[in-house]
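In the two assemblies presented below, chain A is common to both, partnered first by chain B and then by chain C.
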Partner chain A sequence: MSSATDSRAGTRRAVVGAIAAAGLASAALLSAQGQLALPGLDSLELLARFFSHALRPALDYGSPFVPVGAPPLLLQVATATWRTVQLAVAAMSLAVPVALLLGFAGASAWWRLPGPGGRAVLRRLGPLVYAPARVVMTLARSVHELLWALLFLAAVGLSDTAAVLAIAIPYAGTLGKVFSEMIDEAPRDAAVQLTGSGATAAQAFSVALLPRALPDMAAYSFYRFECALRSAAVLGFFGPETLGKFIRLAWNESLYAELWTYLYALFALIAVSDMASRALRQRFLGETPAR
Partner chain B sequence: MLEINDLRVDYDGRTVLAVDHLAMAPGECVAVVGPSGAGKTTLLRSCNGTVPAAAGGVAINGRLLSDMGERELRRTRSELAFIPQDLALVPELRVVANVLAGGFGRGGLLTALRALLKPRRADTQRAFELLQRVGVGDKLYQRSDKLSGGEQQRVAVARALFGGPRVLLADEPVASVDPERARDTLALLLELAREQGFALLVSLHNLELARGLFGRLLGLRRGRLLFDCAPAELGDYELEALYALDPSEDEQRD
Partner chain C sequence: MKMSAEELRRTRPRSRLLRTAAWATAALVVFSWMGGDFGLEQLSGERRLANLERFTGELRPWPVQQQGGFDAGSTADWQTVYDWAAALMADGGSTALASTAAIAVLASVLAALVGYLACWPAARNVARPAPFFGGPGVADRRPGLRWARWAWSVLNHSVRALLLFARAVPEYLWAFLLVESLGYTALPAVLALALHNAGILGRLGAETVENMPPAPARALAAAGASRSQTAAAVFPGLLPRLLLYFFYRWETCVREATVLGMLGVLSLGSLIRDARAGNLYDELFFYVLLGALLVLAGDLLSALARGLVRRA
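Take a look at the complex of A and B:
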């Protein structure tokens, strides 16, 4: 008994030690390249000017060089925000259904559950579906949405459709992987009980496993929607008229007051989506506010 | 209708259950008693084939579970209701869906999805009547995890009844309730068995309760049947043997 505890403590020490050593090694490597040097005076001044506008975001254009026919600043901000939401919603409405398919296929619960009802067929079929699903999910998510965006930019130019795809592809991979793990980690006692009283694996899966994974899956999807909002904003740097485009323009022109207006819009967007997701989950999944 | 011959169950290379012969008639009510770790749960789980036999086996109406194909095993299991000690309800679902799950053995995936999303009116009616019968009719549309332990247990009983069982296997149904409630629960199970004509096999570690309520007792100790008799035939010798501590037991637990 005591020797087992000792060896476990030993393993833990080794792991913690290795992590600490890796941290020290990377710090040493970075400072050797001069990356950890203090910022110069110029950049400090820039930062100071940037933050000095934090409490004074622009409500109207401050620069005299406003293009003819440009909408009022606040309308511009609202339009960019709305465009960001549209892009994120479009990307998620593509990513979630695909992720559900991939996540089910990439879970092992549906073909490893005990019980009669086509079990033998499932056992044989399972790995044939499971393995490709996991490979596709890994491929899709191993390339970041910014890289997908660069690829599309090089190939066809970054239209809104391309931006939506650039977000949807890696998100489908990530969502699918997490969905499959949530399904596999759902407690199986009820599913096993059902197959013991004559239910098929498919019945047990859909009634005793899925409903248990669903609240977590919904919560995670909402979180990914928030990430999609940020990604949609950032992809504006490459063309689409989302918040990112105007943040970049304002930065290029050193219009810090306007820059802060767009940043606050992004902040408000994330806060509103967080509140909306909480309200929706409470309404439809019966979650208590504490969760 | 349920018959066990030369059943042996191994776990990790160790024999945890060895029963030479045991038979139950239709409608018969039997309690399995014995200390914890005696193999009561294993015996019950062997009866619906969720614990595989290493040798011998369990026959239902003359057919060995191990000889059955998937279709037949499924049909047979739908008539062998099992209530595990932890109940194994789906906590996120409404009570009605959990009760309807007891009838999945007779339907396909569509039956299951309907139970989940939009139960048939007749099924809901039947679930309500069964819940009413066990005393929790008003909980039909509640989320199952909002119920108290005792109420959840009644839902599990209703789920077992929904399949129209010929045998009901209940594993320690009163392990986590107070003595007063325990007697009520067992009395309810016995009453239902008489009313609906199914055989009842219950595991209990409380011998006094078993003696007072059941006509036939099985004594199980370290995987073997010590006695199989009416409570009146039970002598001091059997009782002492059933619960006697012996030094080798502690070693075995390690």
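Take a look at the complex of A and C:
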């Protein structure tokens, strides 16, 4: 065994050790604050009552107090599910184009392609474009979508349009950041060859660099759509009539059977989008994005 | 053989799946925008704009507002802002910051422990009578192994289904259900975050195990190593990948830990919620910025650690 292998294993061991130490320190801090106290028996009973309804979700209203003119439960569930999809799709349809623009601007591969004449100017100007783009993306994604929703709620009220924006802003930041990383990480050999034989930077970029990053970018967008579905569902807690709203209402009224119906609807939604996006991803690359 | 560009274009490989998907996506986007109650007037309108103006005005620190903003002739200076911020930090801000970070760290460590244990039975090349043979292994086909095959398949599918359910439910929703039933402490928040992320790490871990080069594991299994011995032996080779996944999930844990506080658990989110309830928009904005800083610090740490792991 060479010493290089030893030091590699040493680094890994150090990283794992640091993670374990951080985990222990966090547990110590939280328990010093009295935050890790074990729950009492009665709260476990509540949880047990909730989980005991898992196998018998409601197909119709269980409570005698159903508002007059309320649609059948299953129709209500279907409407909430469609609302969730609608919000997620609308948000993604805004986030992806913006993220493409930001991602291209934020990538540095574009500015660093070698080539004849004039390129020195580009190289000097590059940071003036990609630095601001990266700052915008960082600001957008470091505030969680629920906090964006809260800010909108306080500023102009959380209408459907504001809810779409609350998801679209941080998602554009995240997508843009990952897009720019993918463009920068795409293999550059073909682009270098092309510029070497006289292609302009724009030609080399669009023919030899971008096509190699596109499958990854598409796969990642599908994955983020799945995340957007979850975000849209949760945003229901703040007003929009998505699955989250009805889950909270059902919990507050202790209607556990109905709650499970909504939970299963969310589960089915995620499972379907997961399967569809996996089929498409395998077409492109056969791997799951981790980010 | 020579082909014109036109011929090349006509004979290019096409995928029906991709075309259908493209059309379906376009249709879904159109339906979503048309079917919804969306409109820019929901963001404008006289009352809303007045509200927005009041809101942006109240984002400035309260003492600054009292002293007439930052305009000429005002007595407010950066010292005022600093004192205000320091007071907020002393008054619960730093405690909440620390507990937010602790929730995120503890949750991601627990998620990794559970997820990276569950990934073994969830991997198709491990959960079978003759593990690590890759594909339909020869040894699996013996008739005496029918029951064993069935039992492994049941185990494999139930672990996969559990992981799928754990990650399909958003962490905020898990936290809502657990916090409401177990009480307003960090424990349910940590469990909720860990549950969702264990689902994700378990799935990613299973894929890593399934995609590893099969030769070393096969050699070990053929030499008589047990399933767990083989797993332990190949684990260090998978570690860099698993660590990368861990750090990506840790980034999202930091983001989520802030927000989970809005359910009443002590973290930055609870301060944000309280500030919102009291219409203290300057404090709300301060805590949102503090959360963003924490996210930035988390991302930075993760990027450094990932660089270390990649180079190692």
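The definition used in the following text is that the second predicted complex is superposed on the first by the 257 of 291 C-alpha atoms of A that agree within 3 Å, B and C clash if a C-alpha of one lies under 4 Å from a C-alpha of the other, contacts with A are read in each partner's own complex, and residues count from 1 in each chain.
Going forward, a contact is a pair of C-beta atoms (placed from the backbone, for glycine too) under 8 Å apart; a residue touches a chain by one contact, two chains touch by 3 or more.
Just so it is clear, the structure is predicted and the values come from calculations on it, not from any experiment.
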| item | value |
| --- | --- |
| Touching partner for A:Gln203 - first (chain B), second (chain C), both, neither | first |
| Chain B versus chain C, judged by how many residues of chain A each one touches | C |
| First, second, both or neither for A:Leu47, with chain B first and chain C second | second |
| Which superposed partner A:Ala70 touches (first chain B, second chain C, both, neither) | neither |
| Chain B versus chain C as contact partner of A:Leu128, first or second or both or neither | neither |
| Partner chain in contact with A:Gly23 - chain B first, chain C second, else both or neither | second |
| First (chain B), second (chain C), both or neither touched by A:Arg283 | second |
| Which of chain B and chain C A:Thr11 touches, first, second, both or neither | second |
| Partner chain A, residues of chain B touching it in the complex | 45, 48, 50, 70-71, 73-82, 84, 86, 88-93, 97, 101-102, 104-109, 111-113, 115-116, 143, 160, 163 |
| List of chain A residues in touch with chain B within their complex | 114, 116-120, 189-190, 192-200, 202-204, 206-208, 211-212, 214-215, 286 |
| Chain A-touching residues of chain C, taken from the complex the two chains share | 15, 17-18, 21, 28-29, 31-33, 35-40, 42-43, 48, 51-52, 55-56, 95, 98-99, 101-103, 105-106, 109-110, 112, 164-165, 168-170, 172-173, 176-178, 180-183, 185-188, 190, 203-204, 207, 211, 236, 239-240, 243-246, 248, 255-256, 258-259, 262, 265-266, 272, 276, 281, 284, 288, 291-293, 295-296, 299, 305, 308-309, 311-312 |
| Touch list for chain A against partner chain C, complex | 7-9, 11-12, 15-16, 19-20, 22-23, 25-27, 29-30, 33-40, 43-44, 46-47, 50, 82, 85-87, 89-90, 93, 138-139, 142-144, 146-147, 150-151, 153-157, 159-162, 164-165, 230-231, 233-234, 237, 244, 247-248, 251, 263, 266-267, 270-271, 274, 276, 279-280, 283, 287-288, 290-291 |
